[in-house]
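First the structure, in the form of structure tokens, and then the observations on it.
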Amino acid sequence: MTEAGLSRAREIYQDRSRRARELRAEGKKVIGYLDIFPVLEMLTAMDLYPYRLLGDINEPVTKADACLPPVVCPFLRSVLDLGLKGRYDFLDGVAMAHGCEVGEKMAHIWQIYLNPTYAYYLDTPHTTHEAALKHHTELLRGFQSSLESFTGEKLSAERLEKAIKLHNKQRALVLELYNLRKPDPPLISGAETLQVMVSLMSLPAAEGNELLEQVINEVKQRKDGPAKQPARLLVWGSVMDNAALVEMIESTGANVVMDDTSTGSRAYFPTVEITADPLEGLAERYLAGLNSPRTFRETVLGESNRKDYMTDLENRFAYLRDYAAEWNVNGVILQALRYCDIHGYEVPGIKDYLDSIGLPCIYLEHDYSRAVLEQLRTRVQAFLEIIG
Amino acid sequence: MAEEKKKRTINRLKTMYPLRALVDGMYEKAVEASQAGKPVAWCMVNWWGGDVILRTMDVAAIYPEDYGAVCAAFGAAPDYLSRSDSDGFPTHMCGYARNCLGYAAKMQDLGEIPPRAPMKGMPKPTLLLGSGYFCDTRYKWFQALGRYMDAPLWVLEMPHPGVKESRQDGARARDINLLVAELRNFVAFVEKLLGKKMDWDRLGELVDDAIEMNRAWHEVNELRKAEPCPMHSRDFWSSMPASLYMAADPKVTAGLYRNMYDEVKSMAASRTGAIAEEKYRLAFAELPPWHSLGFFNQLAERGWNFVTESWAYHPPRPIDLSNISDPLERIANLTYQYFSGYFEDAFESKDWWGYFAHPYVEMVREYQCDGIVLHPLLTCRTATNHLMVVQDQLMKRLKVPSLIIEGDIVDLNLFDPMDALRKAETFEETMNHFRKVRADEGLLW
Amino acid sequence: MKPEALPYFAGIDLGSTMTKVVIIDEAGNICARVESHTGAEHRHLANRVMEQALKQADLLFDKITYVVATGYGRINVPFADRQMTELTCHARGVANLFPSVRTALDIGGQDAKGLKIKDGKLVDFVMNDKCAAGTGRFLEVIADTLGLRLEELGEISAKSKNRVKISNTCTVFAQQEITLRLSEGALLEDIIAGLHEAIASRAVGMLRRLKIEADVVFTGGVALNAGVVRAVKENLGLEVLVPEDPLISGALGAAFLGRELVRKALAEGKPLQRSKRRLSEATFFK
Amino acid sequence: MAYFMGIDIGSGTSKGVITKDGEFLAHHLVPSGINYREAAEKLRKGLLTVSGLSPQDITFTVATGQGSGNVSFSDEQATDTRCCARGIKHLFPSVRTVIDVQAQSSQVIRLNESGQVTNFAVSERCAAGSGRFLEVIANVLQIELKDFGPLSLKSSNPVTFSTGCAVFGESEAVSRVAEGIPKEDILAGVHKALANKISALTDRVGLKMDCAISGGGGLDIGLIKSIEEELGVKLLVPAQPRSVTAFGAALIAAEPKPA
């Protein structure tokens, strides 16, 4: 592997769809997926190319207004806007799931206005109740049969297991990459990491794994990594598909060494356990495993003596304390998009929790546009002046 | 503001008042229950699933969603909203939720129901019943309440009928199974919490009464197809909570709906309209600005009659479930009917946009509307994100125009009646234009 | 006149509307304070205002040991040794003026800030710079519309018997609304009182996101307006302290923070990071 | 012969038009100032003077615009949307879409062959996508609104302006200037941002040719050009874009009234 991983990742990040267009020209079917709840293993197993639908903070939304009002998630509006402007014309179809509520509506609006050859909406329960997990397995069966009639092929357990192993490998590699952010200074910056992650979401799983191996090798040996900074930050919250926000944060005298968003650890850390019926293991991972605020977790499921507030927070957010410890984090940036309900409701609670473990944090709300970065800069700098 | 001129431009139905009183009674009963040490539940509307179970178990159920509307109507909301803002809940979130979170925060501070709380207030709950359906707020909100109270929370899992994927083989049975399983687990949850057993026979009776209540309510609304329309949307909104939130014994409620049926029927017979002169028949999409309902009087003065509303606030289409013995299965099927009944024809014609717009197209056709008022709620995604599609389809299929008036269910600063009236005046010209267009294209009205 | 030997420290606060410079000496005495309107051309302005301040203090630029720039144009001060946010500097400045301060409200030309202060240090903050509502610009625009000077607004609103409710948050639409009310015969003082209430309730609403503790200090250009100060007190239900020159707290804090940095560096025997730039050079850098 | 008067009390400027037998006779503009009543009176006086008429000569007067409620001498009020549609229809019978960029807000109106409004969309309740946005920026750059267009056309690379709030836009402009970006690029940026907002509004009502522009925005070549780029169409521009609505009001005044 002579080609440098990081620069390749940057190229892909800057021209995401190139590979998809190439492979499509060779007859590969490309399926766009929204958010992290469509089951990628099932697409990969059917020899389909899962391609993550993302927005563009530099492109003003003009077309989407006509079918999605301005008071909903600006990221999803941007995705739809790009679709309406033909930026996703290379897709053979889309697979969307009930990630958040507006995402669910998007799934149908996309079908109505873009009328793709293949479109599947995968409902996803909101709780981890036993009945919900069973139900989700059955929902995946429905997804399977629709994929089978689309491709005209059977999805055997063998094919599925093979795909699961491939994606689990990718998850292991991502964790290995993230471990390179643990030293001080980290061997790879937050912005670089995000570029690699976005590249992964733009490539077939196997090629993504190759890229990851290249990047990991390069980063391990590089001499030109990030400089030491007083602040080591964790960024939590809504989807971040553009490195600009992280770059801004890192330009103020901080290293972003860990994240909890759907384009980072949240999407890749949990692995899939291979079960007798592979769909069960997948249902478990995608419903209970993915640690997203869109999934409701009661402190003690179905127990009628509810534990106190702090215990509830402990159960919901303890993983953040573990991240902070392992990645040696000394400040947290909570960022959420305006109109993002699932993250919005979380904010006071997560602040209470971080206060209780003595980890300083700041909440930033933004509207998915480059214009707000300057405003946010002052807030981030002030935050660093406080903790520094 | 609209409220100031108390002109009676809309004849309200006499039979509406007792139905509205049931809802007031719901809150009073809850306060009494809590004072008597009896269990109280805060519920998200759950389509006669959880609440019929709670009623059977003698739990007084109240609905913070409805209370949000109440607080808005009584002008108590701004206080609660600013408290929730102060506690760091983003201001773009659901007005109902922010109202409730602010209320709960104040109740926690005082250790009692805040003074001047409308309807004697919502007493501290023994349990919370959330729901996974329709929007994320409906479970995130109650989860966030943990900040102010430690009441246990059950989130009732619901399937997602109404979309094309729900028409795959075996999907219906699968969805019903989920609902039944969820309800059964919820029963076990409540039994354990209250340390008492479910009376399955009584549950069976209540379920049947609920089905009957919804049928009666459905029939009232069928009568509104008459010209002029004898029942205005304001009467619908005043009478809706009684069934949607099961405010009282469904048997009693059903009786009151039957009385309403008689009144509306006789008005239709005598061609008496809800407003003096019905120049325009309109549908209203999504929830109204509860704080500025007087606004409809001004529109009534212009001859605007509101004859129907979004399907989501209407009862399910009547369905015969007498052959199902298990009461939980009957609930499941009733709920399923609510979620899918309005789309059946869309499914037949493979109109997958149906999930959004089909019911609106149907209602506008059946009720022969000249236009529809779309009320995007600036703090509610669910009530808003499908409206553009509705506007589109109504124009494409029926040549019926839409008037968009931004506002909110709770936050009155987001609604501007003056501006709305200006738009309304222009919209009359648009409705006139499309009357001609429909005539030319041979559409019915 | 101070002995030449003693070091001096300058703080420059490049706000969106006003630019302020404060020079202090080793002992913390204020040797110069200059305020001037900020135009679009920050860089030249920064130099000009600094020159005025030096003149006032009768000093040469090389006598200034350290310059800290703050405010929203801080990156456009070529001769600054260091940039710090207005939030930190305001907190420091306010704490200097009122050691007892716990909560500070600063309403400037283009933003409103809430500061939580402990032991003279910033511990938490809220900020509105997303829209003009609730900022000084709101008042300016309206004063403009009414053909009044900002300073007049306070006294006029004092005459009000019943406040007009301004329902529009957007400045531009509020302007429209006010004209309409005026045409309908509403009294000027009632409208302005309504205006002050609108700003105050918005600012206090923002401030409540911090747990408000006494003493509360109110700074920024808008604190010069007695009407808003009154409205803020009403909304808070608390006494509010206003410095006699509410504009300079940012620049003052910047100067004192500069002194701290220098002392710290000396104490730790570390070299002091200074910008090589001279006052004369007006090169833009980021 | 019959004379009819249309009075449009806008938030910035008040415009008046007198028609004679359904044709344009005279128009007049006065700043609205802070008292719409006075503005209306001044406007009427001026109108009558320029047209050499006396109040008795006017058969019917229709008032419109923000301050239409304060026109004591009007016989009727009409919304600016209707008036604008009527006015443009008379000037350009072929127009089916009109983009009305006023001082405070913008609207896109669809109309039929008889000048009736068939659909319309108004910009949201903040100064985003309004002429006011332009004024504010003109202030920052200390240049006349009229020099705006020509200057902006010189721009080779417009700065991206993605903000809504006009005043917030001001601060963005200030910092761009501070970064040493040429004025024309900033202007072009503002025009682009406005054009984006307007094209979004246009998509909501659906663009049908021909398309015209009215209101103060019709005086700004730079804005017109960027809207044309955004929509990919040519805009028809009336000689007196600001008076279109007042003209329409005068035409409505002449329409037979339902008894």
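Things to note:
As written, the chain order gives the labels A, B, C and D, with residue 1 at the start of each chain.
The rule is simple: a contact is a pair of C-beta atoms (placed from the backbone, for glycine too) under 8 Å apart; a residue touches a chain by one contact, two chains touch by 3 or more.
Note that the structure is a prediction, hence the values are computed from the model and not measured.
Under the contact definition stated at the top, the chains bordering both subunit A and subunit B are C, D.
Among the inter-chain contacts, the highest number of C-beta pairs connects A-B. In this assembly, the C-alpha centroid of subunit C lies 38 Å from the C-alpha centroid of subunit D. Rounded to whole angstrom units, the spacing between the C-alpha centres of subunit A and subunit D is 45. Residue numbers of subunit D whose C-beta contacts span two or more other chains: 124-125, 175, 204. Residues of subunit B in contact with two or more other chains: 88, 388, 416.
For subunit A, the set of residues touching two or more other chains reads 65-66. Contact topology of the protein chains: fully connected, every pair of chains touching.
Residues of subunit C touching subunit B in their complex: 167, 169, 205, 208-209. In the complex of the two chains, the subunit B residues touching subunit C come out as 82, 85-86, 88, 413, 416.
In the complex of the two chains, the subunit D residues touching subunit B come out as 78-79, 81-82, 112, 116-122, 124-125, 204.
Across the interface of their complex, subunit A is touched by residues 124, 160-163, 172, 175, 193, 196, 199-201, 203-204, 230 of subunit D. Subunit A makes touch with subunit B in their complex at residues 65-69, 71-73, 98, 100-102, 104-105, 108-109, 111-112, 120-123, 125-127, 129-132, 134-135, 138-139, 142, 145-146, 293-294, 296, 298, 302-309, 312, 336, 338-339, 341-342, 344-349, 351-352, 363, 365.
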